[in-house]
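First up is the structure itself, then whatever we jot down about it.
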């Protein structure tokens, strides 16, 4: 059972998207220049937009099927998303922001406990009580990552999560992203236009150009901890 | 300009009854009216800002009419609807036991009608200005539409919404024409603007000056607060 | 995610201008025509026409003055960088929520020939400013001014500064940039402000009552005449005129599109 199956078309104005691919465990990178349709693909997977034709299935479950008029709402798709500018709620604390995403636990205490443990995993536990406005860009994206994973998603989508940061912070967070996502066992789809980032983060690189997938290849990782296909059910390594 | 501040006021201690009576009536009526307007105005503003149905502009125009209508037209219309024969009067007698003309409740209704457009327009503009991506992020997190509105959209729009409520309150406090017609300037139901009119023409000049100054101060404070709340403009 | 923004977005520029023109003409024409119709006999029209034309005599100059002053101060507030900008805008916006009787009271204080300032102004202008049309015009101008000012400021702030920079770069002095670039680009918002300012001038009651004195034939505008009319048909005629003009005004404002921050 694959983590994600996509086979859709969508036209917006003059732009045509027509892509089909499957994603197994690990991090799959959608790589290509701006305007190639990568973010649009994420929006379709998330259910924020509807495709014109085709199907999308997450973990074997069909969430979108134009032919049989199936469209599972975004709220029901059990995904996590990390945006380029974080989009954390400025009027709530960091802990509250992450706790809002926790849906598998009930009760305020339980949700905050889960949120706290995720903040620890991304190294953001020190500013749990602060507001996002008082954090640096890098710190905010750590929190955004925690929020994206805290809801026990079947799939996590990252839309250029590091593009707004300067290069030193970017390199530091790159390792964190890979490490946290792989160890959590959640399959991920990450969008970037940075070739170095694609190589360093992806287990699979899916090349985009002008609304089409032009190539798909595995990335060799001889000494890196690769994705464990069974790790979703087994113990999670720290 | 010494003409603006009367000497007698500088000598007095405490607030005399001819200020306190109309002031408390004004505050009560405007307060009640603003609560009603806030609930209705924010709700309708949300629907108009987020909805995808045709005719949203028409609806906002219709509810904004009191801004363009002369207050005497609004007052006269309310007088005939609430007092004259018709289904509304029947409902009033059923609910309240008597028609609402020349009553305190009638004043509140007049102020609701006159101040509603301000809250509506400010709220709609503020909610429409919220970055839709916040709501998208909230949908991804699994929040229901109610929770998104209460936890994400409205808090993010709160500055404009508060400004709209403040403007509505100020407008209700300052209403003259419609209030006067519906209340008939009964002495027991006299608001500040009416009290000023009475004092200016039938009372003492000094009293009028005090009443005018109090209202000027209140309007200034409210408007200054609104301008500090931000650059959301409803027109 | 797509969002619709009202009917005006789907119309072209010429269509929009035509729609506004038609709305205004229809509003005025309907007001005049239906009033004539409803008034029935010459006798009724005689009663209604007096206040109707008086109201126009008051509202049109008031809107023009308030418009010019509003555009000028809106421009100054939009472009200026001086301390106390917020305070000035607050003062200019006061007539929106200030009770009309407060405005009327202070106008009487300042304009009555009996006071120092009033006496001076009366001498300078040459005739009295209270209990006649001049007083009504002043009251209506004050009622209309804040809307013109705020709409102008909002519209001018919405003009892309890059376009103004480009105009300056080709050598145009600031005042020509304002007249040839900024104001034309802001014309929709300015027009909306003028429209609603006109509606406010037409409907002004409290201040007009105090400063004008509600003198039959001289200062009894439509909104005052409604309360003094004796028979229902003529009152209905006046109501209809006012309502139609208000509808035309708000429709015009709606068609001109909402301003976005």
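For clarity, chains are labelled A, B and C in written order, and residue numbers in each chain start from 1.
Note that a contact is a pair of C-beta atoms (placed from the backbone, for glycine too) under 8 Å apart; a residue touches a chain by one contact, two chains touch by 3 or more.
The shown structure was predicted, so the numbers you read here are calculated from the model rather than taken from an experiment.
**Student:** Provide the labels of all chains in contact with subunit B and in contact with subunit C.
**Tutor:** none
**Student:** Looking at contacts between chains, which pair has the highest count of C-beta pairs?
**Tutor:** Answer by contact count: the chains B-C.
**Student:** Tell me which chain's centre, taken as the mean of its C-alpha atoms, is farthest from subunit C.
**Tutor:** Relative to subunit C, the chain with the farthest C-alpha centre is A.
**Student:** By Cα centroids, which chain is closest to the centre of the whole protein?
**Tutor:** B
**Student:** As a quick test, compute the distance in whole Å between the mean CA positions of subunit B and subunit C.
**Tutor:** Here the centre of subunit C sits 21 Å away from the centre of subunit B.
**Student:** Nearest whole angstrom, what separates the Cα centre of subunit A from the Cα centre of subunit C?
**Tutor:** Centre separation, subunit A to subunit C: 54 Å.
**Student:** What whole-number Å value describes the gap between the mean CA coordinates of subunit A and subunit B?
**Tutor:** The answer is 47 Å.
**Student:** If I count partner chains per residue in subunit B, which residues reach a count of at least 2?
**Tutor:** As it turns out, subunit B has residues touching two or more other chains at 136.
**Student:** Give the residues of subunit A that touch two or more other chains, as numbers and ranges in rising order.
**Tutor:** 48 - these are the residues of subunit A that touch more than one other chain.
**Student:** So which stretches of subunit C touch two or more other chains?
**Tutor:** 1
**Student:** What residues of subunit A sit close enough to touch subunit B in their complex?
**Tutor:** 46-48, 73-81, 83, 87, 89-91, 100-101, 103, 147, 151
**Student:** Please give the residue numbers of subunit B that touch subunit A in the complex, ascending.
**Tutor:** Interface residues on subunit B, with respect to subunit A: 131, 133-134, 136-144, 151-152, 155-156, 158.
**Student:** If we count contacts the way the header does, which residues on subunit B are in touch with subunit C in the complex?
**Tutor:** That would be residues 1, 3-4, 52, 54, 56-58, 60-61, 64-65, 67-73, 76-77, 125, 128-129, 132, 136, 167, 170-171, 173-177, 181, 192-194, 196-197, 200, 208, 212, 215-216, 219-220, 222-224, 227-228, 231-233, 235 of subunit B.
**Student:** Using the touch definition up top, name the residues of subunit C that touch subunit B in the complex.
**Tutor:** Interface residues on subunit C, with respect to subunit B: 1, 3-4, 6-8, 86-87, 89-91, 93-94, 96-102, 104-106, 108-109, 115-117, 147, 150-151, 153-154, 192-193, 196, 199-200, 202-206, 210, 222-224, 226-227, 235, 239, 242-243, 246-247, 249-251, 253-254, 258-261.
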